[in-house]
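Report on the structure given below.
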Amino acid sequence: MEFLLQPLTLVTFFPLLGVFVIAFINAEKKDAIRWTALITALATLLISFWAFAQFDKTNPNLQLEAKYAWIRVADWNIYYYLAVDGLSILLVLLTTLLSAISILSAWSAVQERVKEFMIFFLLLEVGMTGVFLAQDLFLFYIFWEFTLVPMYFIIGIWGGPRRIYSALKFFLYTMAGSILMLLAIIYLGVQAQNTFNVPELLARLPQLYASGQISPTAQMLLFVAFALSFAIKVPMWPLHSWLPDAHVEAPTAGSVILAGVLLKMGTYGFLRFNIPLFPNATIQAAPWMALLATIGILYGAAVSYAQADIKKLVAYSSVSHLGFVMLGLFALNAEGVSGAILQMVNHGLSTGALFLLIGMVYEQTHTRQFSDYGGLWKAMPIFAVMMLIAVFSSMGLPGLNGFVGEFTILLGAFGSKAIASPWYAGFSTLGVILAAVYLLYLFQKMFLGPDGKVITEHKLKDLNWREIVTMIPLVVFIFWIGLYPKPFFDILAPAVEKLLSALPL
Amino acid sequence: MHLSETMNSGFYYLAPLLVFAPLVGLLINGFFGKYLSEKVVGAIASLASGTTFLVAVLLAHSTALNHGQVVQVPFAAWIHAGGLQLDWTFRVDTLSTTMMLVVSGVGTLIHIYAIGYMHEDVRFKHDEARFSRFFVFLNLFILSMMILVSGDSYLMLFVGWEGVGLCSFLLIGFWYELDLLSLPSWSNSNAAKKAFITSRIGDVGFLIAMFLTFWHFGSLQFDAAFQAAPSVAQVSPGAITAITLFMLLGVAGKSAQIPLYVWLPDAMAGPTPVSALIHAATMVTAGIYLIARSAPVYSLVPQAQYIVALVGAATALFAATIAVGQYDIKKVLAYSTISQLGFMVAAVGSGAFVAGMFHLITHAFFKALLFLSAGSVILGIERGHHTHAHHAEPKGKKKKEEHAEVFDPGDMRNMGGLRKTMPTTFWVYVVGTLALAGIVPFSGFWSKDEILLETSLHYPLIYWLLTAAAFFTAFYMGRQIWLVFFGEPRSDAAKHSQESPPVMTIPLIVLAALSLLGGALNLPFSGFHNLTHWLSSTISGVESLPFNWGVAGMSTLLAVLALVVSWFLYGRNPLKEKQIDPLKKPLGWAFTGMENKWFVDELYRAVVIGPYERLAAFLADAVDWKFWHDFVHDTLIVGGFNGLTKTLLDRNVDQRGIDAFFNSWGAFAEWLSANLRKAQNGFIRTYALATLLGVVLILGYLILK
Amino acid sequence: MVSVNYYVALSAILFSIGALGVLSRRNTLIVFMSIELMLNAANLAFVAYARTYDTFSGQIFAFFVIAIAAAEVAIGLALVVEIYKSRNNVNIDDVNSLHG
Amino acid sequence: MTQPTYTDFYTIIPFLILIASACLLLVAELFIPKGRKGVVAFLSALGIAAALGFALTQIGASGVGFSGMTKLDGFSAYANILLLISGLLSIALAYGYIKRIGAERGEYYILLLFSLAGMMLMAQAGDLIVVFIALELLSIPLYVLSAISRKAKAEEAGIKYFLLGAFASGFIVYGTALVFGATGTTNLSAIVAKAADGANLGLLAIGAALILVGLGYKFAAVPFHMWTPDVYEGAPTSVTAFMAAGAKIAGLVALFRVFVTAFQPLAADMTNVFWALSAVTMIVGNLIAVTQTNVKRMLAYSAIAHAGYILMAFVPYGNPQVAATAIAAGLFHLAAYVIANFGSWGVVIALEKAEGKGLEIADYAGLSKKHPALALAMTVFMISLFGFPPTVGMVGKFYLFRSALEGGFPGLAVIGVIMSLVSAFYYLRIVVNMYMKDGDPEAEREPWLNFTIGLTAIATVVLGLIPQYLFLLAYNATLR
């Protein structure tokens, strides 16, 4: 039972302690609940740092394993198996960081049913962390599906006017993808002599592919089943229809987590499962994925530009941004994949920041229509500067984090052997222009120009200390990754190399 | 490596200060600016910029001592991903130090000037809190520009490249709530956006050029890439052509060449020091620097070079014609800048890298001078307007709805006769004009002459285009001088205009001196080719041509002729209030075209922007929302599903429904249901029927299989 | 000796009549009788087969069926009486307040 | 013929204990004054607990009793334990509820005991005669229980259940007759031997099919399901809960027992039948459930759907490599279903008011604010029925799909997962009402009811996280 005290177990399940404590706090004592949740999240963040401190950056393999034969009956081998490597450690840290930030951001935004909100949020953190750590497909699936439940409630209870519709849509879309993955997981486990353990699968699969026990067609079908599930989550064009609804209706903290972490679960799934488990299919599919990614980049950017709702614009921008991530992943070279992983983190930071900021102003104005805004810079200068940083980070301005990711992705995709054509990257590069178009539109309509309705009708206050503190970590990382990304790349590099060396390219 | 030894023997270790000095300045002003007085803020910012200049001087000194040797000063690791291994490394060589000196030198002067300018500007525009913000942005600009010129790789250059784009955006939109250019609302912020996005279009070219560079040369570091270039040129010359042409797109975006120059005139919405610093002297010349930096690559593909030169020359002429038809003092200068940038691009395209750089330097001097003087003029007019309006209307110049017509202090038609009220400004303006027009011995003459000379040797077409552009240049500058400083004041504001304070005029005088003497950098006489010699250690294979009387004589002649023509048109009979431009009549539709910038903006709006907006709206409303969201999801999936379940349910409840269901099962079921209907069946029996049906089906399968 | 097939055929016919009776009659009591007919058809088959195989178990089964049928009828009639008390008829088509 | 010995009786000791307690209570009940009939509940529970105690000792034991008429093995032990726990939960649910609806009678518990005994006998049957007797023993008390509140709807439920149940019995009996005709025996093990030895397989198949119909009626497979929603709605809710769990367990374990033991040779054909049955059951159950507005009916359709899921695991029963896992998966999911079933019916009981009010889904609006614990528990049950982590229902479904895939029926598995997706609509609708809409629901607070709901909720989650032991039990329960 020592697995219970290992760092990764603690990172994953520590929030449950908070849930437990909050469950016994009177629902009326809102501040006590908030503090408990925040302290729990911060403690989890610290634990994740502690785990990170033990992480060996030079080791390409899974580390800090917490392993326990969970279900062992006859021909069943299911492990409680958490481990981390260079592909996931950053995402774990991102998750714990954004969770703490989101809880802080919900301090004054959520006034109703605070107790339930915090409980759901901490549960969500458990699920998300678990997704990034699980190394047994069964366990992964459990975490994967579990994240839906708290998020469903967060959208459905604290969301906007169409929250129930959006929550259900979010739930069903994601679920629709994952059920096929469930079947694929089972099939894979059954074929590979009843194991769901990813390292074991990786050891056994080559032989199964070679012997024809899993035919190329079957491999492709498995790839598609996994891919569908992850692609909906990402979301890749054209499976993105749930995203604007979910984002627009979700409360700020929900949007932050949704964009910051939940979407990454999709791209992470590709990285962790699709690529290594189905190498041949991956290579076959790479140009097609690149095509979809490219369409997504351009389409998402174009659609963003035509939105009248600020949050919707940012929501659609995720389609575009994650298109970049997908493009990088399926470049299947060190540049592209490293860039894609870094870009996952970047998108979490910058889009997270955008949603946070929009939420902060929404708390005061209660409108998200561009037509109501204008000239905010004068009224809220600190807010404007924060937004400026977030917008340009999202746009990929060199020196900020977004650029490092986007550049390496595009560079990788441009010369990718798997994609085998520079055209995808070439067209995707146009996304850089379109990103400037819609993001500057956002900035302009909110902060520049003559004073909008919100200024004349409300007495707007600039960000308070809590809000600034909420933003600071994001801003720090935005600059850090932009200016000195080497440590981050160093974390990724061995694992990425290992991942790619296994591909028959 | 020799590096450490060389570093010890110079001030190279100071290189990071290029970036950190302005960084410190902007951080202090950014965080504490609102608690500091304007003087302190300005001093800090100028000091930061001045420190940069000092560092640049020391670096240049060290480089000179080391005979122009290239020195890389590593600072920190940066992107290490796969084969992409790039670090923050400063590159100190003759080319980069030249740029550093120009940027930080002119930049510092403009900082000082801006202390005076912005002091009044923020008061005229009623937001004094913005004073410190201006200097934060200005320092940020110096910082980005330093990264641009000192980077040791294309990517680091690109960081600065986009960084200056950001500053440009912020500074053009500095008075974001006003409409300084024209009446439509949001015009300042639109101009800022336009500048950034247009440059970004170019940046895509630059990015793709970098991708190609990386995959063909194996590195984005300058030395490594240039080393690989010749062998790659043998294997795949197409790749190199592609690299150079994509890079040209980037240059077109940043240095405002055809077809991406359209943002620069609009950028005049920014405060005048910005126009001087960013949109004339430094940032826009980044493209020329890029080509000069990439000289080893460009030299490999003459066809591409020719295209570059052609673009430059065409831009030079095209923009010069537009400048003739402009009324805004800054817009004239803006088009002039585009035109002059065209000269430089044509020069570097023709392989005359030194000539291009030379013109870049002299242009930085005289164009900065002109812009700052123009700013001085505008402020002078504003002062006049202010004192005048102060008595007439006590409050609210900004409130547009109260004014039928907004007073535009930049419109030359509102000026006239300023030489009396603003003598210093007048004189430095004249110096700038003569330098720009290319009159001996002003600096512009020498640099322009070198360009013309080089092109005349290689590309006659380019030469003629440039010569024509030079004629127009002198003409529109003459027109400007006559319109602004001569004749009678055409408005009350001009009548009451006042000279600017010394904090503004002193930098002007310094710049005027530089404009006058800048030519000494590279006099075309043997023993004087200082710049050529200096740059030759960085750009290999540059030749120093002897002075050519024919070319020089031709250009001087044309310039003088143009000035004379302009005098005939504008000086002899000064323009009256509300009088139509005298060129309008003789030139007719051509002048209309010039006035309206040859309708290029309208063309872009019709061909690119409008369609994109419509496409985006179509994708968003029709495709994404109505089709994907409403139709596919809500109607097809949800609706279909609901319909299905309702039907199933109805059949369970509704008797006719269940009969209909059975009907489809063939004759037997039909008979069955008919009999059941006859028997007026009730629900229990329906249920039993279902059971029986199941039995029949199962048995039927087992028996008939 | 009569072939077992005739008995089985007869039992099948009886069973079918019973089954169709359940489907077509509205009077609860007659529905009961139809069900009884189905059970007895089975009994016939049992007895017939038992004779073929020469074992007792078929007949034993038939006895069980008869006994259980009696128990069922007891319960069924009790329910019918309840229904009759509340609705004053025993038409099963009127027992349809629960549906959907 | 030999005299029965202790070994014979040992095989069915839990059954005997139940019958004995029922008979004793029948007498004792006469002496318990009206208004204190709750004592009967405790006594019945005591009887069940005793039986459960014995059943637990029988884990791992095996034996054959009464010349092969009854069987004791891991399978029966599993089923018995599950059924006895169901019995205890049913009594806990009924205790306060039948008082509330004015149906408190001593017979209630006694009938429940008899029915439970019948269910257990189903699991232990070694002969088709026993199957039939057990079926009737479980059914007849249920007919009465359905109508026990003597309300119009309950009576209607009773008569519907009875008529259709008797109708289905007819099929079982006739099917048994045909099986007997084909093989000359009704003993399950003997049938296999005869089938291999030149029996009339066609006749056997028809007989087997008719037995399937009868059993399918009990566990509510489409198209034999149509009574289910009406009866579930009409019967007192505590009876419904018992019926939904017990009758389904009994029907399915009997199906497993009979088909795996006796009709193995028919697997080639029957597999297709099961395939279709499973698919149709999943599809119809889930689709119709979506538009329900009454919670009881919705849960009824959900129960139908679950029969389909469990059948899915059973489809490859003829494949010896998979059969063991298949049945284990079925049994496991039965347990998962039963736990969530009692929990959810418990919540329904808590919210049900006199005169059948409080049963619409809309009546659940705002539950989370008023009774957060109840809402949370209901959410857990819905999630488990839906097959979502971290509940035992998810693990169960995982096993079911695995068995279908391992048996080579990916198409069925796909239907299964798609229908799981569909089921989100109706399970989540309750959650939506509880958490995302405003309302003012009132819930009864009865200690035993709360205890049952809490216990099942905890069990749902705990078994979801630690399924090891339950699965061990199920795995050892397979018929070999």
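In this document, chain identifiers A, B, C and D correspond to the written order of the chains, with residue numbering beginning at 1 in each.
Here is the rule we go by: a residue touches a chain if its C-beta (ideal position, glycine included) is under 8 Å from a C-beta of that chain, and two chains touch if they have at least 3 such contacts.
Remember, predicted model here, so these are calculated numbers, not experimental data.
Relative to the centroid of all protein Cα atoms, the closest per-chain Cα centroid is that of A. If each chain is reduced to the centroid of its CA atoms, chain A and chain D end up 42 Å from each other. A separation of 65 Å divides the Cα centre of chain A from that of chain C. For the pair chain A and chain B, the distance between mean C-alpha positions equals 34 Å.
Distance between chain centres (mean CA atoms), chain B to chain D: 75 Å.
Multi-chain contact residues, meaning those touching two or more other chains, do not occur anywhere in chain A.
Looking at chain C, residues 19, 22, 92, 95-96, 99-100 sit in touch with two or more other chains.
For chain B, the set of residues that touch two or more other chains comprises 649, 652, 683-684, 688.
Which chains touch which is summed up as A-B, A-D, B-C, B-D, C-D. Listing the residues of chain B that touch chain C in their complex gives 649, 652-653, 675-676, 679-685, 688-689, 692.
Chain contact summary for the complex, chain A toward chain B: residues 169, 238, 240-242, 244-245, 299, 302-307, 316, 333-335, 338-339, 342, 375, 377-378, 388, 392, 397-399, 403-404, 407-408, 410-412, 414-415, 422, 425-426, 429-430, 432-433, 436-437, 440-441, 444, 447-451, 483-486, 489-490, 492-493, 496. Across the complex, chain B is touched by residues 19, 22-24, 26, 91-96, 99-100 of chain C.
Looking at the complex, you find that chain C touches chain D at residues 4, 8, 11, 15, 18-19, 22, 28, 31-32, 35, 38-39, 41-43, 45-46, 48-50, 52-53, 55, 57-58, 60-61, 64-65, 68, 71-72, 75-76, 78-80, 82-83, 86, 92, 95-100.
Chain contact summary for the complex, chain D toward chain A: residues 324-325, 368-369, 372, 383, 388-390, 394, 398, 401-402, 405-406, 410, 413-414, 417-418, 420-421, 424-425, 428, 431-432, 435-437, 467-468, 471-472, 475.
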